[in-house]
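Next, two complexes with chain A in common: one pairs it with chain B, the other with chain C.
Up next is the complex of A and B:
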């Protein structure tokens, strides 16, 4: 078998294994409590009867291993269980919220990725001079403020003081694309700001690393034009690290989205998760946690696959 | 060697925050949960930062909030460092299946974003300070584990470790007397960064309502309590941003300096 295919197959198998293990961990995360989960959920005001009802709803009379496999079997068939608080099917509620979250994350990524790569290139081109220093200075400042505070700073100035954008991202069915984009402008801006810093810094480091290699110097010395050096020698080798940087930061976006949705009261998955953690609705939390973990693991897997495929040394085995 | 200006400023501000946290009871002008004025009063001579959503003095809330935030972040960092570095060193020194088991487990833990995993665990745990510190510290220990294992792997191949092994020292001696002193400087610099991460983490949890519970004050909670004022043009919720950002940048500057200083001692880059 071609070694490339073997590597890709092995990496995908590892990804699936990791996802399975992550599902065990998420399930176990809600079982670590010493004592009774039901009384922890209901608090001190619980009566014997409500406790017994909840224990039955959660299936606590059966061993954890059995419940895990039932849960996993359901998840594999698209059944995420029912919410404890409103008795609704979690999968149907999640579908709408997930598309909202993906909509938000998609636009944040569409803006942040090209911008970060461009600014990373600018920082490399003017390395050590003021544009480079300005970019690293802003990066340090932006990663020192948590997302939710960036959100309120943006809302305070852009929405309240200058009344440019709406401060709350309400979504409803009758909106066309323009209205929707206007509604999510602020959350997108905040998400872009939170991932931009890391992405620029890592892009800068990745490209610098390639540009300082011996083969780039050789290409310059043998008289290739700067364009040819970049197109023929730098670019093929820079693809893998840059794609890696992008994927890692998109995975980071998954976490950022949770907090930003709460700030702008956006009806997405993150807000759904946070609301139900406070309500101690364990099935919802497990379902959301699993989906967030799957997206995170999936993006990391994609990053590895692209760098395997983009590596010229693996494409042409000896 | 002279201390660079940036590191001096960083050290000064960091010390200031820690002193304010330690002596909060002495310097706070009012009581922690004492209602002393109207809702969201503007800045005045009596209330240097104005008042909050139910008329408490905002400066007082910020000082007590800093105390809670810094205390939680410090204890969680210490927990994460002790667990992470002892396990990391053990993995590096023991090698074999111990290393494999620990490393694969850490890979697994890191495959789930820490905030998401913290939310999953907090959905069944009682939200109290020890629980939050434990969850934050143990989740973060994975990152310390990776760093300390990598650093210790470089050190275990040194001749002096080999010499200690040959003269029959136990694993504990090798970890604490041979590896720890030589691995300390990168770990201390990392400690600064982890501390900032903890400050951001606890602030985020409190903001989501899953961290420090009212009436106790902490920086994330102050944002949550005052966020409704944003729409009315009251900037009270933005005050913690200034505190968190300056603390984070100051600690960063100090950490950078420690890393550079120790790198130059060993003949590395920087200086």
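Up next is the complex of A and C:
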């Protein structure tokens, strides 16, 4: 078998194992929280008797290990359980929320990733001169400002002062793509500004590191233009670190956008999770936790795979 | 006479250096360099490190590494004055009129791209021909440079071919755009001696066939004598002597050139055989997880106060032998015997006395020393560790050792960074001697040094041997070094000892095939040697 296939298969198997471990942690984490689902449902009016009855009815009196495997079995069949607060099927509700989150993350990524890499290349090309300083300075500033503040500043100017964009990102079924894009323009802008800096700075650092190599001198002595040297000879050798930081930021776009969702009242996963944490709705929290873990592990796995495939030594062994 | 391809007149090159703890200051790398190169001629630039030869070579491309600047004089390439040219004009010249072959092809090729892409890149970027034409030319060059399977060679990635093949591919890359001038910067220095000869012959043939002019930079006069029409000798950035190759190597006028020509002429008569102090008996060894043995059934012996040279190319197992003797790599079978007893295989099981008796000196003196310790601390450490010496007694002994390695007062309080390469290697020798060992293992100790400095180190080692009676196990790939200092020789090839004995026997015919190849590959300081060897080998292979 090609060693590359073996390597990839091993990484994927490891990813699955890691996800299983995460599911154990999530389940155990919600188990050790004080109070259980039964006391959460019954609230103040709970007595020993009603609690015991409800536990029996929900199957909570059985050992945790049994319940874990039941939960895991359900998850594998697409059954994430039922919400305790509104008795709705979690998978159905989550699907809508997830698609909103992915929609927002997708457009933020489509803008931020190519822009970050391009700005990184430009910063390397003009290293130490004003374009580099301008790019590095503004991205550093955009990382440093908290995203809720960025959100309010953007909303104040673009929505309130100049009335260019809606300040609230309401989504409903009847909107066409143009309306939807208009609605998410502000949150996308804020997310782009938040993730751009990390990716651009890592691209710049990774390429500058490669620029020390002897083969860069070879390329310069062929009479290539500075930008061709950077894009054709340096970038292909800087892919691994760049892909890694890109994936971490993509994961953040899916998992970490709760603040931006709240600022713009966007109906995504983050808000959904936060709402149900407040209501002690354990099955929803578990389902969201598992999906976030899957996104993180999946994207990091993808980063590993791309780095492996981008390495000619692994792709074309001797 | 045709117009010169390259004319350099009164070139001055400067760089700004930033010494730690001091103000940045300008240093002159090249003073007043003047040379001219006619079409189709080959000029050899020769000198030690720091002579400015690479700097001049790169100046022909209008290029300065780091902060290097061409500050005065003229560099005229094919009618264009390079110092006055702007970046666009320089880019147009580079890769089209003038190309460059670097010392380490392994580092100079982009690991992420196929060889063909890189070989034809300059040709395509300058719009000199279409892709199919450029590929056809590259395949033709691969063929004439003797690369295997020239039709498909370009599909490989750099890591898939050997060092010698990469160096030829780099030559093909330089010749592909049909330049007027190629700058070869030490193109064979990083290669094994048996590989070097083939690459050298391939480069020479390619130069002749394409009629290109070349600057050939090297520190090895015997190598440059094979390819250059004229030679320019440089030292400390100044021109020492210039003239036709034959004249420079047979009748040099300057002392420095004479020293270069007669380098490695140390005469060391071989000592009579004696009862060995260190024997390696039937040792086989492999690295953990490796499929094959690095050493197979190696048996060698070293007599007290003598030198056993272990000679071989990279990968022959000679450094692994040193690791086995010192206990760093326990052998799979066999034994190390020292002064009549068997040494424990593992380092951890050896006594302090065992450790003291066998010391080591390494190739890279600067990485073998702690840069934050003074010479006094570095040499004083074994005195404390093995003999418990302290205070004034230790300092006195450190000074004694410094005198022995011909470094006087004032060196004890310097840091390694304040020493030259040769001085660092001398400190390493003093550190090894401080333990008063019976045997010192010298692993390629002169390989990283300039020839004249290396000569000084070899003389010092011989001198110390005569005074202290220490035995050397001297690992090297350099036959000239072996001739200079060995009493006995073991030739290693692919983990086996293929030939051993006293120096006189080993270096005299009849030879086994490998030793013959090794000895006949060492460049000799005369013109025409390369052609003779190649012709001789061709006859031999035709005869078989």
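Note that the second predicted complex is superposed on the first by the 271 of 318 C-alpha atoms of A that agree within 3 Å, B and C clash if a C-alpha of one lies under 4 Å from a C-alpha of the other, contacts with A are read in each partner's own complex, and residues count from 1 in each chain.
Here is the rule we use: a contact is a pair of C-beta atoms (placed from the backbone, for glycine too) under 8 Å apart; a residue touches a chain by one contact, two chains touch by 3 or more.
On a predicted model such as this, the values are computed, not experimentally measured, just so you know.
**Student:** Mind telling me which of the two, chain B or chain C, contacts the most residues of chain A?
**Tutor:** It is B that touches the greater number of chain A residues.
**Student:** For A:300, using the defined touch cut-off, is the partner it touches chain B, chain C, both, or neither? Pick first, second, both or neither.
**Tutor:** first
**Student:** Quick one: classify A:156 as touching chain B (first), chain C (second), both or neither.
**Tutor:** Only chain B; A:156 stays clear of chain C.
**Student:** If we overlay the two complexes on their shared chain A, which of chain B and chain C does A:137 touch? Say first, second, both or neither.
**Tutor:** In the superposition, A:137 touches no partner, neither chain B nor chain C.
**Student:** So, does A:114 touch the first partner chain B, the second partner chain C, both, or neither?
**Tutor:** Neither partner.
**Student:** First (chain B), second (chain C), both or neither: which does A:222 touch?
**Tutor:** Touch status of A:222: second partner only.
**Student:** Looking at the overlay, what does A:3 touch: chain B (first), chain C (second), both, or neither?
**Tutor:** neither
**Student:** Give one of first, second, both or neither to describe whether A:233 is in contact with chain B, with chain C, with both, or with none.
**Tutor:** second
**Student:** For a test of understanding, state which residues of chain A touch chain B in their complex under the given definition.
**Tutor:** The touching residues are 18, 21-22, 25-26, 29-33, 37, 40-41, 140-141, 144-149, 152-153, 155-156, 160-161, 167, 251, 254-255, 258-259, 262-263, 273-274, 276-278, 280-282, 285-286, 289, 292-293, 296-297, 300.
**Student:** Going by the contact rule set out above, which residues of chain C touch chain A in the complex?
**Tutor:** By the definition above, chain C touches chain A via 61, 63, 65, 90-96, 99-100, 102, 104, 107-113, 118, 121-122, 125-126, 156-157, 159-160.
**Student:** Any idea which chain B residues touch chain A in the complex?
**Tutor:** For chain B paired with chain A, touching residues are 107-109, 111-113, 115-117, 119-126, 196, 200, 203-204, 207-210, 220, 223, 227, 230-233, 235, 237-238, 240-241, 244-245, 248-249, 252.
**Student:** Taking the complex as given, what residues does chain A use to touch chain C?
**Tutor:** Answer in residue numbers: 213-215, 217-225, 228, 233, 236-237, 310, 312-313, 316, 318.
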